[in-house]
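Same chain, two partners: subunit A is paired with subunit B first, then with subunit C.
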Partner chain A sequence: MIFCRRLLTFALGLSFVFGHLSCTRRVSDQDGTINTVVSANIKGLDPIFSSDVYTNAVVAQIYEPLLTYHYLKRPLTLQPLLAAEMPKVSEDGLTHTFKIKKGIQFQDNPAFPGGKGRELVAEDFIYSWKRLADPRNQSDGFWVFDGRIKGLNEWREAVLKEEADYDTPIAGLVAKDPYTLEIQLTRPYYQLHYVLAMTYTAPVPREAVERYKEEFINNPVGTGPYRFDSWVRNSRVTLVKNPNWREEFYPSEGEPEDRARGLLEDAGQALPFAERIVFHEIIEDQPRWLNFMRGNLDFVDIPKDNFESAVVGDSLSPQLAEKGIFLQVSTEPDVTYTAFNMKDPILGQNVNLRKAISLAYDTETLIERFYNGRAIVAHSPIPPGVDGYDPGFRNPYKEYNLEKAKEYLAKAGFPEGQGLPELEFSTISSPTARQMAEYFQQNMAQLGIRVRISSSSWPQFTNKIREGQAQIYGIAWLGDYPDAENFLQLLYGGNVSPGPNGSNFQNEEFDRLYERASRLPAGPERTRLYQQMRDIVVAQAPWVPGAHRQSYYVAHGWLKNFKRNSMIQDYFKYLRVDPKKRAELKAKL
Partner chain B sequence: MSQSQKPPARRNSLWWDALRHLRRQPLAMVSLGVILFYVGLALLCSAGVIFTDYALVDHNRPYQEPSWENWLGTDIFGRDVLARAAHGSITSLSVGFVGTGLALVIGTLLGALAGYFGGRTDDLVVWFYTTVDTIPYILLVVSLAFIMGPSLQTLYLAIGLTFWVSHCRIVRAEFLKHRERDYVQGALAVGASHWRRIFIHILPNIFHLILINFSLVFVTAVKSEVILSFLGLGVEPGVPSWGMMINDARLELPRGVWWGLAAATGFMFFLILAFNLFNDALREALDPKRSRV
Partner chain C sequence: MFKYVVRRLLYTIPILFGVTLLTFLLFHIAGGDPAAQAAGKHASAEEIALLKAQLGLDRPLHQQYFFYLQQIATFDFGRSWATKQNISSMFKAGLGPTLSLTLPAFFLAVLITISLALILAHLRGSWVDRLSLVLCLAMMSISFLVYILAGQYFLAYQFSLFPISGWDPDPILRWTYLALPILIAVVVSIGPDTLFFRTVFLDEISQDYVRTARAKGLAEGRILFKHVLRNALIPIITIVVIRMPFLVMGSLLLEAFFGIPGLGGIMFQAIQNSDFPVIKAMTFIGALLYMFFQLFSDILYAAVDPKIQLR
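== the complex of A and B ==
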C-alpha cells in the first residue's frame, strides 16, 4: 500500500481534478490564526487513515507519534516526541525499549469520565498499533509493521478468525510499566524509528474509539498541541490550541544560516504559538494562488504555471518581495523515473536498448520545460537528503548523447530503430502527464524508436503496473522517511508486481545486498552497500532516473519560523503569525 | 407554343429547386465556401502539401508569441500553433464524417426496418432506441471511450454508436407514413420485394431528411470530439486536435499564453458556425412546404 500512498501526491499534483472550489473565509486577524491550504479533500481525521499528505497535514497536528524530526536541523534528525528519550536498542537489534514521557494528557473529550483527558500510558500504543494491524479496519498503513513485530501478524490472522481480540497479548509488544514500552522484532529493522515518527503510529485512546465507533474518524482525540474544532465538508477544517498541552519549547539550535533568517528568534519560547489553524480545501491551482495573493492564505507552494511571474532567476520577483512575501526552497527526497518492465520480452532482455533510451532522454530540457528548472537531474534512485546520496555521482547513461545512444541501439540489434516494434508508454490522462509522455515520444523519435502513448485514469494506470502490463511508464516516488532503503525497495526482487517494484527488476546481487543492508544500522558500511546497489541499478538500467524535484514555497512576511520539509508533519506548532504585521502588510496587497 | 418553353420535369424536382434556392442565399453560399475550405485544408494537410512542420519540435522556442514566422505563436514544444490547429481539422472532420456516417447508417437501417415492417420488429427497435436514449449521450460516449482507450477509431465508434437515436426515430416515422402511400402499394402490386421497396422506392423519397440530419449530427460530432479530447478520452496524445489544444490552454493561460486557446477555439468556431448556417439554409431549401418560385 505504500505504493499508492506516496504516489498519490504526484498524481494529484498532475491530474486534472474537477473540484469544488471553496473560498477562504477570514476567521479573525486578531488572534494569530494560521490560514493554510490543502490541495485535495480531507478524507477523515484518524491516524490509521492518514495515508495521503493532505489528510496527514491535519491529523499530524492533533495526534503525535513517539518520535519526530528536529524542526530546524538538516539532514533530518530524529528526536523524541512522546518518548522521553531516544529508545534503547539491544545488541542484536531486536529489542527496542521506549520510555514514555510522564504526565502526557489526552485532549479533553466526553469519552473520558468527567470529560477530562486522561494520562497516556504504554498500553495505549499497544492498543493503537493493534488497531492499525486489525484487518477489519482496512488501514493502508499496516505496511510499517508488516512482518516486523513478533506476534503481530499472527494476531492479525487470529482476529479475522475471531480467535483473538484487543485484550489478547502480543509477544512483541509489552508494557513493562505504564511508561515503558518494549518492542520485540522478528528481525532487525532499522527503519523502525522512522516509521515511529509517522502519524500512522500515533496513539489513540481506547475509550474514544469505543464510544464513537465508526464516527471516531470525525471525532479525533489525540495528545497534540491542537484539537479539533469544526469541519465544513469540502471547505475547511479548523483546529484550536489544546489548553492542556504539555510544556514544550521552540528549538534553540539549527542550521548555521537559520539565525540570520530569523528562525531562532523564538528559541526557548513555549509552543504552540498560533491560537487556531484553518485548513482550507482548495483543489484548483489558480484559486489557491489568488487566495494567497489576497492574503487569505499565509503560505502556499507556487503552482507551476504561476512560477514565471513569481520567481525571477533564483529569487522572488520584485513585485512580490515588495509586498513582504518571502521565498523558501526545499529539496524534497523524491525521484521521478521512467521504468521499464523487465518482464517485457523486448526490453527486459536487452540492456543495451534500455541504455540507448536512457542516453536519448534529455532530462535537462524536461526540467526546464516542466519544472521551471526547479529540479536537479537524477543519476540514481537515491535522492538528496538521504543516506547514500552522492552529489558527485554521475550515471554514464544519464548524459544526453544521441551519438552514443545510436551506438547502443545498434549494439542492441536495432540500428536506427530498424526491426524494433512500436513501444508503449503508459501514463495518466492529465495535461502535464500527457505532455511529458509526448516529450518522451519526441525524444525517442530522434533515435528512430516509435512510441505509442497509452493514457488512462490513475486507478487504471496503477492497476496496469500492478498487473505487470505496462511496458514503459513514467512515475514518481516521494520518500516516507530519509533512508535510501525506502527508494531501493522499489527495485528489490521481493517487491515485484503487485508490490512496489513495478519494473519487476530482479537481480540476485542487488537482493543480497538489500537484505544485508536491512540488517545494518545507519553507518558507513550500510552506506557502502547502498552505493553498491546503486551501481547495479545504473549498470542494469531498469529505470531511466528523471529528476529530484524542489518545492518552492512563498509565505507572507507576517508568518514567522517558516521552514518547510515534506517529512516534518507537526510543524504548525512552531509557526507564529504577527497580527500587527499582518494588518500592515495586508493593506499593501 | 414551342416545346422549349416547357422545362424538363427533372429540373422541377425537390433537389433542383432546393439548389436554386440555396444559390440565392449569400450567407449559405459563404458558409458552404467555409466548409469546403476546411475540407480542402484537411485534405491538403493530410496529403502533406501544406503545414508539413506541425510536429517539428524546437525546444529553444517554447511559447513564442505570434509573429511573422509563427502567425499564431508556438506551443510548449516550440511547435507552430497554426500548423497544429490546421491539422486539428483533419481529426475533427474525419470524426465528423465517419462518426456521423456510421450513426446515420445505423439510424437509417434500424428506422427503416422498424417503420416498414412494424409489429415485433418495430417494438424491438423502439425498445432499443428508447433504452439507449435514456442514457445521457455524453456519459455513453465517455464510457465507450473509456473502455476502448483513446484513439481515432474509438471516437468514430463512440460517436457512431450513440448518435443514431434521433435520426432513427425520424426515419421510422417517415417509413410508417410512406409504406401506406400509393407508390409503395403500386410497387407491391407489380411484385417488388421488401428490399426493393425499402431501398429503391421509399429511401430516395426521404433522403432530404437524411441530409439535414447529417449536417445536424455532424456539428454535434465535431463538438464531441473536442470535448472527449479535452477530457483525455479522445485522440492519442501527439495527434493534433483542437480539444487537446484547449486542454493544454488550461495550463498556458496563467502564463499569459493565449494563442493556443485562440487558435483552437477560432478554428472550431468558424467550422461550427458555417455548418449551422448552412444547415438552416438547407433545411429551408428542402422544406416541401416552402412556396416554390
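== the complex of A and C ==
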C-alpha cells in the first residue's frame, strides 16, 4: 500500500514536472498558432527542390508563384497570385504575357541593402527560371519548362559549356518592363498556366542566392505570407507572419455548400490569419494520431490503423464528434495501377491475356482490404476533379468477372492458364506492398495464372522499371496539376523507359491524339481527345487501373476555414485558429 | 603498450579500406540508380545521363572509389544528393540528439542490469531468482516495437506522464522529451542484459577463489562487489564496449516514434533515397568508431586484468 502510494506520488510528480515543462513550451495555445504535421522529413527550403509534398508544404507558404488555385471553388480554378491578372495568350498560343502586381516586396533579409526587402520585378522570374533550368543546380523540377520556352534549353546547354551565364538573355523570356513578363513558347503549351502555379516556378531574389550560395536552401527569402523563423532539423519548422505582405483577402465565393459549412464566414477578411505556423515532422502514425487526439496538432490525415475507430460508415465516430472534431473527405488527383511491360514478349503481344488479368483482379475487395474503403475504383488513368474525367464511364475490363476472364485467357491461347509461363510481379519490400502483391498473386491463381513476387527497395524497384526489366508492377501517380495530360503522358510513346511511361506503351493513334491535345487550350475539343485516348488505353489494356485514393482528414473544431485539396499548397494563409474555442475544446480531449 | 596501440591503429587502415570497398561495391550492386532517383519522376534519359555525369557516376568504378577515399582523407563528404544539405552539418545536427538519447539510456541500463544481475546471482536458486528469470525471458520475448507503442500510448497519452513526442534543442528542456524513450530503452535492455550478466557472475561465483573467500569469512557483499564484479569485468567490458558505436549511430525506432532528430533517422532516409554520400559518410564513421572501441576495450582488458599484457 505504502509502495503504491509512493508510486502514485512519483507518477504525479513526473506528470507535474514533464507536463509543466511541455506546457511552457506550448505558448502557441494562447495565440492563433497553427500546429500542423508532415509525415516525412523536410529536405530544404528552396523552391527548385520542392518536389516532395512534405517539403513543398512549407516552401509554398514562403514563396509564391504567378498563379494559384481558388481556395474554395471546385473543380480547381486558376487565379492570379503574383500576377495582377490572368495572362494574355496570343492567338497562336505561343506568347503568354503576364502583368505582375506592383508593390510586391521580398521578405526582409540581410541579403538586401539595409536588410529591407525590395520590390519584385519581372526580371526576378527570368532569373529564377534560369536557376531552375541551370543543370549545375540539379533541380528535379526542370521538366516543367523542358523544351517549352524558346532558348531556355539552349541556354542550359551553353551554361554547361560555360558559354552562358545568368546575364545571357533568353529569347523566350523577356521583361518588357518591371511589371510585364513575356513568355514565348516553342509550341503551344496550355499546361504552362498550371506549372506557373507550382512552387518550382516561384521567384527568388538573386541577391539572396548569391549571398547564401549553397546555403540558400536554409535561408529562404520569398514574397509569401509567411517567412522563415527557425528549423530544428528533422523535428519542426516554424514560420511567422510576414509583416510586409501585401493586402489580400479571404474569398467571398465558393461551392454552394461552403456557406453552410462556415467556410465563407471570413469572406473579405485580410489574410493571413495565423501569426505562426509550426510544421512538426512526425514520421510514425501513432505519435501523429496521439498528438492530434491530445490537441497538439490542429488537423491530420487519419492513419490507416486508426481509421476504423475514427470513422463509422462515411461519418465521424460519435466519440470524436463529441470532442468537437470534424471530418473532411477529399478525393486525391491520383491513380494507382498495375502496369504491364509492353516490351515483354508474353504480355506485350497479347491483349487478351492483359484483359483476362484485368477482369480477374478484384479491385473493390482490394480497396476494402488495403485502403479501409478510402478510395474509388479507377476505370481509366484520369482521376476525378481533372479535365477529361467522366464519372459515368465504366471500363468493361474492370468488372471483377472470373468467367469472362477465363474466356479471355482461353482466347489468349492459355486455357485455364495452361502453357503460360510463371509471371513476375515487381513491388517494393514494405509489408503492405508485399501483401498487395500477394493479393494480386491470389487473384491470378483463381484464373490458373502463376505469379512470382519480386520485392526490392524503392531505388531498385524504380530502376527496374526504368530499365524495362519489370514484367508486371504496381505503382501510383499523384498528379502535378489537374489536367488529364499529366496522367496520359504516362502512356505517351515519347516518354517510354527510362521516362515516366514505364509500361512502354506505344500506340501511334494515342500518340497522335496526345500531341494534338497538348497544343489545345482547355475546352470541349481537348476533353474529347482525352476521352479518345482513354478509350484506346482501355481497349489496349497496358494497365489495370486500380483506385483513386481519398484522404480522410480530421480537424479540431477550433480550426476555421479548413478545406483540403492536395493540389492547393498555399492554404495556410486561409486557416484561422480560434484560441478561445481551443481552450474550451481541449478541456474535453 | 604504446607499440601495441600503434600496431592496432595501423591495422585499422586495411580494415577501413576493406569496409569502404565493400560499402562502395554493395551500393553499386544494390543501390539502384541514384541519378534516376535524384532526377525525379519526370526525368528523361538525357536528364538522367546528365545528372549521372555531374554526380560522377559515369566515371569508371576505380575513379569513383578513389574519389570516395579522397573524401575520407579530407573528412569532407560534400552534400547529400537527396536533401542538398551539407553532410557535416547533418551529422552535427543529428549527433547531439542521438547521444542525448543513447548515452543516458546505455549507462542507466548497464548500471541497473549489472546491479540486478549481482543480486540475482547472490540469490541464485531462490524463488526471487527463478521468478526474475521467467520475467527476464518474458521481457526478452516482447518486441521492441511493442514497448514503444505501449509506452507511448499508456504513459504519454493515457496517463499524461510524458509528452507524446517531440524535441527541444534547449539542453534542459530536451529531457522532457527524452525521459520516456530513455525509460523504454532501459526497460528493453533489462531482460537480455540481466540474464547475460547473471550468467557471467554465476560463472565467477563458482570459482575456487570465491569459495576460499567465503571460507575465510569475508562478507558476501564484499565478495560480490570487490572480487566477483572485478573478475567478471572482462566479458562485461566486451559487451558494453562493442555496443558503444551503436550509441553514435542512433536508435532508429525510438527516434522515429518520439520525434528525436538523430542520426538513426538520417541513415534510414539516406538508404531510402539511395543517398550515397550520406551512406558513405555514415558507414565510414561507424566502422571507425567500431574499431576505436575495439581498441579501447583491449586497453581496458589490460587495465582491469593484470594477467593481460598488450604486446
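Here is the rule we go by: the second predicted complex is superposed on the first by the 563 of 589 C-alpha atoms of A that agree within 3 Å, B and C clash if a C-alpha of one lies under 4 Å from a C-alpha of the other, contacts with A are read in each partner's own complex, and residues count from 1 in each chain.
What we mean here is this: a residue touches a chain if its C-beta (ideal position, glycine included) is under 8 Å from a C-beta of that chain, and two chains touch if they have at least 3 such contacts.
Model, not experiment: these values are computed from the prediction.
**Student:** Please tell me, clash or fit, for subunit B and subunit C sharing subunit A in the overlay.
**Tutor:** By the criteria stated at the top, subunit C and subunit B fit after superposition, with no clash.
**Student:** Taking the superposition on A as described, I'd like to know which of subunit B and subunit C A:305 touches: first, second, both or neither.
**Tutor:** A:305 sits against subunit B, while subunit C stays out of touch.
**Student:** Which holds for A:146: it touches subunit B only (first), subunit C only (second), both, or neither?
**Tutor:** A:146 contacts subunit C only, not subunit B.
**Student:** In the overlaid three-chain picture, which partner chain does A:547 touch, first (subunit B) or second (subunit C), both, or neither?
**Tutor:** Touch partners of A:547: none, neither subunit B nor subunit C.
**Student:** Regarding the shared-chain residue A:431, is it in contact with subunit B (first), subunit C (second), both, or neither?
**Tutor:** first
**Student:** Could you say whether A:286 touches subunit B, subunit C, both of them, or neither, answering first, second, both or neither?
**Tutor:** both
**Student:** Contacts for A:82 in the overlay, against subunit B (first) and subunit C (second): which applies, first, second, both or neither?
**Tutor:** In the superposition, A:82 touches no partner, neither subunit B nor subunit C.
**Student:** Kindly classify A:455 by the partners it touches after superposition: subunit B alone (first), subunit C alone (second), both, or neither?
**Tutor:** A:455 sits against subunit B, while subunit C stays out of touch.
**Student:** Look at A:271 in the shared chain and tell me whether it touches subunit B only, subunit C only, both, or neither; answer first, second, both or neither.
**Tutor:** So A:271 meets neither subunit B nor subunit C here.
**Student:** Could you let me know whether more residues of subunit A are touched by subunit B or by subunit C?
**Tutor:** C
**Student:** To be precise, I mean the smallest distance between any C-alpha of subunit B and any C-alpha of subunit C in the superposed model; what is it in Å?
**Tutor:** Superposition on chain A places subunit B and subunit C at a least C-alpha distance of 6 Å.
**Student:** Under the contact rule defined above, give the subunit A residues that sit at the interface with subunit B and also at the interface with subunit C.
**Tutor:** 286, 457
**Student:** Looking at the complex, which residues from subunit A come into contact with subunit C?
**Tutor:** Touch residues, subunit A against subunit C: 11, 14-15, 18-19, 21-22, 25, 41, 43-44, 46, 49, 51, 135-136, 138, 140-143, 146, 160, 214-215, 217-218, 232-236, 280-284, 286-287, 290-291, 293-294, 296, 457-463, 466, 495, 498-500.
**Student:** Enumerate the contact residues on subunit B facing subunit A in the complex.
**Tutor:** 57, 59, 62, 76-77, 146, 149-150, 231-233, 236-238, 244, 247-248, 250-255
**Student:** Going by the contact rule set out above, which residues of subunit A touch subunit B in the complex?
**Tutor:** Interface residues on the subunit A side: 16, 285-286, 289, 303-306, 308-309, 362, 365, 369, 429-432, 434-435, 437-439, 441-442, 452-457.
**Student:** For the complex, give me every residue of subunit C touching subunit A.
**Tutor:** Within the complex, subunit C contacts subunit A at residues 30-34, 36-45, 47-48, 50-51, 54, 79, 82-86, 90, 93-94, 149, 152-153, 156-157, 159-169, 173, 176, 179, 256-262, 265-266, 269, 271-274.
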